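Two complexes follow with subunit A in common, the first pairing it with subunit B and the second with subunit C.
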Partner chain A sequence: MKKLLQSVLLFLLVAAAWPAQAQHQLGNSRISGDFGFNGMYYIPDSLIGADAVDSKVRANAFLNLLYSNGGFSAGMRYEFYQFPLIDFEKLNYKGQGIRYFFADYKNDFIQVTAGNFYEQFGNGLTLRAYEERQLGIDNSLLGARIKITPYKGIYLTGVWGIERLNFDTYVGRRDFVRGLDGEINFGEMIPKIAEKGFVFNVGGSFVSKFEKADEEINVTVFPGTDTVRQAVIATDKIPQNVPVWAVRTSFGYKGFRFDGEFAQKMQDPTVTNDFIYRKGNALFLSATYSMKGLGIAASFIRADNMDYRSQRMMKTNSLLFINNIPAINRQYSYQLLADYSFASQPNGQIGVQLQVNYQIPKKSKIGGKYGTDLTFNFSRFHNIDRQWTPEAIALGTLSGTDGYTSNLFKFGPDLMYQDIGFEFHRRLTKKWELTLAYNYITYNLELLQGHEGIMRGHLVAADLLWKVAPKHALRLELQHLYTKDDEGSSIYGMLEYSISPHWFFSVGDEWNYGNPDKAHKLHYYNIAAAYVWRTTRIALNFGKTKEGILCIGGVCRAVPASYGMGLSVTTSF
Partner chain B sequence: MKKIPYIIIAFFALFLIYSCDRVEGPYIVLDDEETITVDFPDLDPASVYRKVLIEEYTGHRCPNCPAGHDKLEELITRFGDTLIPVCIHATSLAQPTTEFPDNLMSAVGTELATDWQIDGIPAGVINRANEPMGSIPARWLSKVNAVDRSHAPAAIQLINQYDDGLLKVNAKITLLEPCNSPLKLSLFIVENGIVSPQINGTETIEDYVHNHVLRGSLNGTYGQLLNGTGELTAGESYLYAKSFSFAGTNWKPEHCTVVAILYDKNNYNVLQVEQLPVTNSFQPF
Partner chain C sequence: MKKLILIAAALVFSATLWAQEPLMEKNLAKLPAVTIQTLDGQPFNTQDIQNDGKPIIVSLWATWCRPCIAELMAIADEYEDWVEETGVKLYAVSIDDAKTSARVAPFVNGKNWEYTVLLDVNSDFKRAMNVNDVPFMCILNGKGEIVWEHTSYAPGSEEEVYEILKQLSKEK
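Up next, the complex of A and B:
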């Protein structure tokens, strides 16, 4: 342990002493990396619900180091989250140490990795080990990986490892994951196919998790009115090896492309699916067509009982997920829609997404000198159809039964999320650019956030950019969310001034003027400044953050209310 | 040489083929006779106070243990019904011999003593704090005082139904404060007034009265998870029932009480504890 600490300190000293220039060459060797520090001084504010923080100042810090020489590379990441930002503390992402390290060798034929690695099979329906630092997600696998390319266009991958669980040590873990993926890219295998503009791939994956079942599961059943009974799922009735498999294909010709993947999970009674024995499945379909000035994209997704994690009793958001059901809805960066982002529901969602992009040509009457971009978007997600099995009805619970049956293409009775949106973007003159957007959002608060009601809101947004002078730009962002539901209407404004490539300033405010509770018609202001020098960015900000959720790619986490001053430093070398 | 990776992948494939368990139904077994037919009185959260569990590890051939029992009785007098004792006869000094023929040990007690690394007795563990080997009697008072009793995280209501050797314990757990950890409930049977020899210093007291003796558990050493998952939200209640027959034991129901222990599955800390005599004709000692 002492030696490990010494090695870490040595690494840190080397990194600190290293002159700030990109990537260091030592003969054929190269050392690179990046460092991040994100700290905040917290001020309690009872009105917005920002609690006092004992230590007042908290921070997250990490350092990545990567060494490479020809086909060999090795790397590690030291993380210091012992006293982390309160968001991360609430996720229990707390601790310090090296939880990511690897050695890797690859040539044209084979790649082998030992240590931690990230990997995704297909669209991630069976396996997606990834890192999303902002969400506090690191599902890397600790183990071994082999990738083989036996013939041009044929790819085989095998993985074997234990999934990372925050800063827990891996000692004593009784769960692990193994998987195999294969893909044939016919365009690479037979060049004539690609030359004629065709794309054709097929693939398949098989992943299996093991978790020792040494504790029986107790469930409560309700076999009659006013009757409550206890029941037990014995250890020999708990599947220890749970596989999931998937097949996928994609093909395209010139501007048209189709992708599809179907996955099935075998019996996997867990706390997130109420301990049902029904098989899970997921279907993802996507078709796109593009030509000059026009793009059309349509997607469909259905997921049924596909929450697949390393440990059956884990229900904390985002932890120990082996797979990922992708969110197909359009992702927005609007401040006022942050709390109403759709979070992917692996255990029950069915939905469609359609997006049409059209560019009115340049130098036309309507399109103007620079052309005009129009975007239309529609997405709608429901829960899935569920018909309880006779056994589940008799027991008054899904637990310990096959649960329910479900029609594959039938939408469930409850609307979870709908978005109808239009966007207009136009460069007005050499110096001015304007974006206007309108969205009508329907968001089921009960199914997606656990509190009662449905939010129906109209969002109008404008983004105006003025290139004041060479290297100087001023950007104004205005948003208005009108709703009578949840916390009522809000308005947001932000002014940003940048002097490229070094300086950046912004001031913004969100006012929840329509909150039904007068005491909560609050302002959430924020002032920020940043300085960029080569690969280093130093940023300061001061202001209030509203309690809500943060979603990236359909994966969300709760954001606690906070008030204070933040400092962030990032650099890469 | 190039065949080696294929062989490795083939092995992977082979392992994966067998990486699948298929379980045939029925998947659950219903506990017998656990229908709850009693009505619990309405709970006034303001009237709930936190009680403290003291588990005293002891043994009839332990010379210092009577002093431990005295200390325990002193604390019970001091704290009244807010302190609930369980005497666990464990370690080699609790083993029966010809001189001490009665077996006051239990499988549950032995497992707890092993898990808490109890070596020397008497030793006390208060509210199952993370304290390997427990503490000596002189420290019990300060340990009990260290428990935050200013608020009650949960309430336990018990109703015992007893008829002709058959006991049915009905429990209602109400979580009064949010708790992020899974919760478990243990139901212990303890017996008072067992007259059996005990060493005291250098002498043996033949008619020593052993009280609060752990006889066993109705639902395993570490009890059962509430709701199957152990998770309750603040304000939510959970009903639980367990039956037990005294037939085949030499325990006297009228001397026994049920001790219900609600604890955090992750760190074993006790949130609340409650006790109730098995019968209405309970004879305290």
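Up next, the complex of A and C:
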């Protein structure tokens, strides 16, 4: 086994080094790729909760290779996560091998893909196979895909595949996904529409998952009471095929644009919805208007029982999702808001989001020489209205029944997340640039993280850039989160010096000075240096990471506390 | 454990092998042909990224990526002059996915950018370009060949971009 591993690695390294020695392009064929390594040496620190780990040195590494020649392309990814970083180990993202490979051919009429592929139908309410490497998400489908353009403006896609589950080998899997999607782009079909400045698209998709059902499901009735007992859902009561369908449209005229999609899921009793037989549905609406210097974007989302996965017993966050219910709130990269970032709740959320961007014109009295950018943001998300059905009340459990009824446009009783924010950005002089931000965040800890309470906090942030000399810049980032809830107030400061285009150095510290527990008024410092050469980046860092949540695009995962030294290398060629 | 370090060392070593490869070689790579979208939601083939024989900048960015925005804002301040001097055209390809892609147009207009903005909602172009992280920027010469690539942004690195553009427009 070890020999095999070594030889595979050796082969890959040689294969990867070969095109570098030769040329990127030989005639029409081209080989390219990218590589990433992320390693860490862990030091235990009981105070921050960084436990001793069995192997102190851990690393994630991958190599992508891509070959293309005209309309043909093929590629693969080798991943080495045998001793993964501890947060990936917690997701069970552990193993090594090739779990992504494909061959693809396309011309103007057809595209055929065999192997692994990523795909999205519409806004992703029915199907979204995607990859978010930093979160350990890779739900590519292994199978085949065909895309056809039978007539100008008409797009058809068909897919069949088994969803990737970490380093699982696919052997013995009893589940697969198939789907169809169609879209008509009227602007393309009838040029007059586009010429007049209109955009008009309609589309629809149908996806169905299959999972063999030959084991009955045991559920707990009256949990937490004296009459607690076990009940059984018989195998013939478990649907093996669960379809989802959706219709969508886009309409635009000049600076205005509207997008809407509605999806419905058929009976799908799973562990994440307490085995209810209620149908699921989701509605996504978005309207935007923009002109030079002004942009307004408003959106609405409601999702009810729309957690849709390849396996009904899978409850691990982020694994085996077929669809994706978008979290439409604005994403922040503020260190102190990392723990209070909203994660999409596919089984029940209703919310709105509004963002306005405005630029006070350049060379105006108020706007200054370079103009001033202002941003306003508002988001608010609730859970959905849920009234248990009489049957569920009588039985003392949702499981095995229709569960609940829900008023489509009623906000549920509990606020999950709210954000009111302002941002100001201005280049003051040729050498100085300033960004100021204020946010008022309300975050429901109980519904989003499972521990009691609601966090209400004020965040003030400043980002000051000073171009010391040509190619030399100093950046200061300051943040203060003021709150009486959860772990109390924190302050964060970071100083970064960069010598463009190669060097970055930074020191930063987060101090949880307001923690109600005196022993936990801790510092989380970090020192980092990075070297960038073209598309190669090598970074070293040393410091402490607070236990928290890492979110990218509304999908989150828990990050354990850690202390130690990290090395990361990425490159593409 | 030792094996892990060995493997890591080998991988790092091989990475430097690629890094040392000269980019200014004959037979330069061109952009891959991938269908993405315009801001109006119309399909757009990335081989149609063209500028009448003048240089092109292609930037991969996202509305949630702060260094990306800093880089594009820094260039925006100089862009008028660059266009005048070198005839350059900048294509800003957003990798925002479904949940934020609708906000790209208002964002870009709110910032008053003069760039040609495209949407890579499914990250197809990003994958075909072998891009790990954004910001990623590349410069194409008049023949559409990639002559320079760079990842990450440090304030002031737009000066290097400018120097290359000047050189390219001189070569012509």
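To be clear about the criterion, the second predicted complex is superposed on the first by the 547 of 573 C-alpha atoms of A that agree within 3 Å, B and C clash if a C-alpha of one lies under 4 Å from a C-alpha of the other, contacts with A are read in each partner's own complex, and residues count from 1 in each chain.
Simple rule for what comes next: a contact is a pair of C-beta atoms (placed from the backbone, for glycine too) under 8 Å apart; a residue touches a chain by one contact, two chains touch by 3 or more.
Note that the structure is predicted; figures quoted are calculated from it, not measured.
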item	value
Subunit B versus subunit C as contact partner of A:243, first or second or both or neither	first
Touching partner for A:232 - first (subunit B), second (subunit C), both, neither	first
Which of subunit B and subunit C A:118 touches, first, second, both or neither	second
Partner chain in contact with A:204 - subunit B first, subunit C second, else both or neither	neither
Subunit B versus subunit C as contact partner of A:35, first or second or both or neither	second
Residues of subunit A touched, compared between subunit B and subunit C (which is higher)	C
Which superposed partner A:498 touches (first subunit B, second subunit C, both, neither)	second
Partner chain in contact with A:269 - subunit B first, subunit C second, else both or neither	first
Residues of subunit A touching subunit C in the complex	2, 9, 13, 16-17, 20, 23-26, 30, 32-37, 39, 55, 57-59, 61, 63-64, 66, 68, 73, 80, 82-83, 118-120, 122-124, 128, 130-131, 155, 185, 187-188, 194, 199, 201, 250, 252, 255, 257, 259, 286, 288-297, 299, 324, 326-328, 331, 333, 355-359, 361-362, 370-371, 373, 375, 425, 427, 465, 467, 470-473, 475, 498-504, 530, 532-537, 553-554, 567, 569-573
Residue ranges of subunit B touching subunit A (in the complex, touch as defined)	2, 5-6, 8-9, 12-13, 15-16, 18-23, 25-31, 34-36, 182, 224-225, 227-229, 231, 238-242
Touch list for subunit C against partner subunit A, complex	1, 3-5, 7-8, 10-12, 14-19, 21, 23, 25-29, 32, 40-43, 64-66, 70, 73, 77, 97-100, 102-103, 105-112, 121-124, 127-133, 136, 148-152, 154-157, 159-160
Contacting residues of subunit A [partner subunit B, same complex]	109-110, 146, 148, 150, 156, 158, 160, 178-180, 206, 208, 210, 217-221, 223, 227-234, 237-243, 266-267, 269, 271, 275, 277, 313, 315, 391, 395, 399-402
